[in-house]
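The structures come next, written out as structure tokens.
Consider the two complexes below, in which chain A is the common component and chain B and chain C are the respective partners.
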Partner chain A sequence: MLSTCLRYVLNSLPVVSYVILLSFSYSFILYICGRVSLTFAGIYLVGAYATVSLGMALMGNNMSFAGFIGILLLACLLGAAMLVASYLCFERFLKTDVHRMVATSSLLVASRGLVKVIWGTTPVTYSAPFLSMGVSEIAGNIVPNYYLFMLAVALLLMLALSYFLNRTCWGMRFRASSLDGERTMAQACGVNQNVVTLMTFAIAGVLAGLAGGLYAPIAGAAYGSEGNALLLAALSVIIGGVGSIGGAVLAAFIVGIARAVAAIKMPVLELAVPFIIASITLMLRPFGLWGKEFRY
Partner chain B sequence: MFMRKSKALVVMLTAAMLLVGALGAAASGEIPSGPIKIGFAVPMSGTATSLAPDAGINAQIAVEYINKYEGGILGRPVQAFIYDTKGDPQTTVDVFGKLIENDGVEAVLGCLSSSTGLAIAPRVENRWKIPTLLLEATTMQMFTTAVPNPKYVYRIGPDDVMQSITHVKAVLENKPDLKTIALGAPDYEWGHDVVNSFIKILAQFRPDVEVVYTFFHPFGEASPNFTAYITELMQRKPDVYVGYSWGTDGVAWHNQAKAMGLYGRIPLVFDVFAGTAKGQLAEEGVLAETRAGNAMFPPHELGYPNAKHAPMILERVGALPTYGMGVHMLTGMLYLKAAYEKVYALTGQYPTPEQVATALDGLSIIGPCGITSMINHQSTAPGMAVGKMHQREDGLWVMEDLLIVPDYMRFVPPWMTVDEFIETLGKIQ
Partner chain C sequence: MGANTRTDRMLPSQFDDKLIAAIGLTLLAALIPFFVSEYVRTLIQRCLLWIPPIFGVYFIYSLLRQVHFAQSIFIGLGSYIVAFLAGKYFLTSELLILLPLSLLACVVVAYVLGIFIMRRTGFYFAIMGIAVTMVFWSLVYKMRQITGGSDGISDIKNPTLLGIQLSEQGFYYICLLISVGLIVLMYRILHSPFSMQLKAIRGDLQKAESIGIPVHQMRRLAFVVAGANAGLSGVLLAFLYNYVGPTSFAWEFGAQFVQAAIIGGVNYFVGPIVGAFAFVGLEFLVSTWFPNLWEIVIGVTVALVVVTVGEEGVTGIAKNLLGRVFKGANLKERTYSDGK
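Then we have the complex of A and B:
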């Protein structure tokens, strides 16, 4: 019984890891800046394609762990640069949530277009990092080491962000901005809102680019995968709560494990399970399992 | 008054003369000048492209071949109209509408997946009424429930029963001591059909074999995670696993299964599409299917029409795929050419779409897969075989020990239902 439960948890690890990163990317902008931005899903797609292309071009089948880390860092930088550029050139002019929702949806479509122009629509794969890391046996269950690596990266990043937000002076400025609806008080206290906003977008871009880069060796980079990413991230934010690191991790585990269980016990519900959980969460705790009442 | 009457008379006489002239021209069987328009509705983007890449190029090659080496159709050069269906049923319907209503094509070749075939077949029969050759769309529902009495819709690729019989025979041949088996497929019409057919047919040949696990994973999900299915599969420890994942699903399945050591733990794996996606699913010793593969009929330099067709594909695509849409497309073009010429030879008239559709049934041609006939709207020799994947020293993947099941053993005769035919299989083994 324990071994079976553990199996479900281990099976869910890749989904858990990328959902943690993606949902917090979405939630972070919403929490700190009070802005709805769907562009992160496009960044996820670009991150995945960039990782595959760079991996194939620079290393091919000769996998080097340091090289792969370098490629992931490049995907993070690309994600940060793209999301900051999208804010500076486009998103900062959007004044209401309706505009932001519609306009960033179109940015998502533009990201798809960019991917189509550069990489085409045929899915591409670069699985060397995934295949070369081997497997471990945990209580009779086989788990690829790459899954553990993904989870470690996601959790370490969340811990680092948690430390940054709660234990540093800059983090206090971020929190001050998020708690101040109009941001006038934070601004009056000397918190430079432009810098906070740009840093928020940069961090969200890093998370989205990394999510794409980490998941690409397992599932490949596929035109259209950004829709799935957007959906899972949004549902996880509903389940976990806006702006909560603990909520993002908890929601990702719930969604990932529920899908892994459904795949075996009720395959017909595998894709529907996140929606069902989100609906129940909304009924019982409208601000998410770990979220506080959130107004912006 | 008189003037007005005489004007009317002149107009009527002119109209009558024009009408008689037009009828006379038609009666003389004059073949229209200019190219004959043929439509291709094929996936050029989306998940299907990794199963059957370069579909657009293959369509162009089939048309070029017909024009260059076969003299077109009734002497008319073929003009191809090629559109991307994205492998999506609604887009396929839109593309068919565009081809038939805007471009005015006389026939269409297209559809890879069953869902796209099922979407257009009833519309072709009831609305568009032009000869339509499905490249694949192998579901048995096609000619049983979707269009039970077809007139215009034909299929070049195999049906699920032909496919499953080949697969069952290949499994039994490679694992005679088989006791337990597991099957997995994508969750849509074809996936369910093919797994159900396999189980029914296996029961005819070997009723003692136990099916220990079947699953249907989400189809075409852009970032699939199959870990749960893979671990469950390994827990059940079957003697053989038969997997039908294809396209991006297939590549992700293969990578995840490989990383988790599935290929070393199950004695025989039959990844049906292991020979596709430009080798991304290939695994040493794994069984794989070739369907309409150019590479299946060597030596290419000798056979007709492969001697001319295969080099064109090799030059433009860079490989001879094991899952060759080009073969189906050329077969379809040769069927169409033969149908047009048959009607013209019999009637002396340029054929109507209805006549072409009628002429296709019962027609035999020599195509890339050898002599093949269209019986009950289904082509008899879809060029299917199963072999073992092997990587040569130069890195090229090839299929070895090919098993080809004879047509009489896999083709459902017109006088039998599918179930009746399956029941006879045990007796003819």
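Then we have the complex of A and C:
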């Protein structure tokens, strides 16, 4: 029994780790800048395709770990560049939340279109990093080392971000900006809001690009998978609460494990289960399991 | 006295101008199939069938300031009811049965979903809308034995009305009738006390509640109105294409109605109509010459429209230009936004 439970948890690790990164990318912008931005799912898709095609082009089947890390870093940079570009070109002119939702959802459609133009609509796979890492055994269950690597990367990044936000001077500036809606007070105290916003978008882009890049060796890059990513990330923000790192990790585990159990027991309800959990959360705790009262 | 108040409020000249324009446009739409090819007629038919769901988005947007991404659920529901009853398990293709049935199904589903997703506003509502479309999409996609999975259901029988098989021309007029009928109905609803209550809720929820408006009930009803519009045109879209697939539940399909409403302009009553024709026309042009670029073009266009003119859309731009050309012409129109 325990072993079965452990197997579900271990099987859900890849989804959990990419949902941690992706949902925090979304809630980070929402929390610090008070801006809704759905473009992150498009960045996820671009990151996945970039990792696959770079990996195939640069390394093929002779896999080196350092090379793979380098490719992931490139995917992160691409994600950050894309999100910052979308902020500079479109999002900084948007004044209300309704405008932001409409415009960023259409930017998401545009980034889908970009993927379609560059890579086409057929799914591509690149599983060399996943296969070359081998497997290990935990309490009688065989688990690929890549799953553990993904989880470690996601959790370490969350720890680093938590340290950055709560313990450093720049983190204090971020938190100060998140506290007042118009951000005039933080600006008046000498925190450059343009820099804070740009850095927020860059960090969110890094997280989204990394989520796509890390998950690509397992699931491949598929045109259309951004809908799934958007759904899981946004629902876990609703479950976990906006802007809390602990909430993002907790909600990603809830969503990932529930989805993994549903996928085996009742495949039809695979996506319905996260939605039901989110609806129940909204009724019982409207601001999420870990979230504070939020100004929306 | 009471009977006259409504006509007194409406200035006769303004009313007549609008009525004449509306009747003229309807007549134009009724005469057009005699002059154009079958392909163009299908395109116009698609524009006509897109108008009701866009009106649903417009209704939620202009009265409650929420973005309604979930219209595709109701399109899909209506389409799959047709696909089952008139295609796969053939029972009837009678429009007088299918349309009310789909209406009923959409009202029930919208009411139940409204309990979950109309509780919160802002991005929670938008995200829950996208999520619910994805849930329906995955249900339809995975129940392969019943729904045909990604293949969808084709060979739907031609529609009948009172037992008479409809020709393609006849079906065009049914679409026109339903579309115009729903536009008139939406005009009535937008000028009813119900809309006033919704506006009060948008303005201040607590205040509205304290003067006795059942806030959540009203918001749920607004969702039902939007869904019912989409359900009716879902039935006709299934007959138009003779094919129903899980893409009619996809989130990007629901987002298209938001995009069309934004392109048309959410501040004006004619916005959704302009939006439907502009969106379908743009799609036709782009997919003829650059089929791969469609998603980039529409995404960037909508983002640019939002950035530059906000809620005004094409209608606002056109009105502004016309107002400059005909100086002094009274083109003022009643809008449903704040402060205007």
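Everything that follows uses one rule, which is that the second predicted complex is superposed on the first by the 295 of 296 C-alpha atoms of A that agree within 3 Å, B and C clash if a C-alpha of one lies under 4 Å from a C-alpha of the other, contacts with A are read in each partner's own complex, and residues count from 1 in each chain.
The criterion applied here is as follows: a contact is a pair of C-beta atoms (placed from the backbone, for glycine too) under 8 Å apart; a residue touches a chain by one contact, two chains touch by 3 or more.
Predicted model only: the values in this text are computed from it and were never measured.
Once chain A is used to superpose the two complexes, chain B occupies space that clashes with chain C.
Using the contact criterion defined above for the overlaid structures, shared-chain residue A:G227 touches chain B and also reaches chain C. Of the two partner chains placed by superposition, only chain B is touched by A:P123; chain C is not. Legend: residue contacts after superposition of the two complexes on their common chain; A:I264 is shown touching chain B, with no touch to chain C.
Applying the stated contact rule after C-alpha superposition, one finds that A:F275 touches chain C and leaves chain B untouched. Look at A:P144: by the touch rule set out above, it reaches chain B but stays clear of chain C. In the superposition on chain A, contact of A:A110 is made with chain C only, not with chain B. Once the two complexes are overlaid on the shared chain, A:L58 sits clear of chain B and of chain C alike.
By the touch criterion stated above, A:L73 is placed in contact with neither chain B nor chain C. Applying the stated contact rule after C-alpha superposition, one finds that A:H99 touches chain C and leaves chain B untouched. Note on the chain A alignment: of 146-154, 182-190, 200-208 or 272-280, the part of chain C that runs into chain B is 146-154. Residues 227-228, 267, 270-271 of chain A lie in contact with chain B in one complex and with chain C in the other.
On the side of chain C, the complex with chain A involves touching residues 61, 65-67, 69, 116-117, 119-124, 126-128, 130-132, 134-135, 137-139, 142-143, 250-252, 255, 258-259, 262, 292-304, 306-307, 310.
Chain contact summary for the complex, chain B toward chain A: residues 44-47, 49-50, 53, 187, 215-218, 221-225, 227-229, 231-232, 234, 247-248, 251-252, 255-256, 258-261, 280.
Contact residues on chain A toward chain C in their complex (touch as defined above): 30, 36, 90, 93-95, 97-99, 101-103, 105-114, 116-117, 227-228, 230-231, 234-235, 237-238, 267-272, 274-275, 278-279, 282-283, 286, 296.
Across the complex, chain A meets chain B through its residues 7-8, 10-15, 18, 120-123, 125, 127, 130-131, 133, 135, 141-144, 146-147, 215, 217-220, 222-229, 259-261, 263-264, 267, 270-271.
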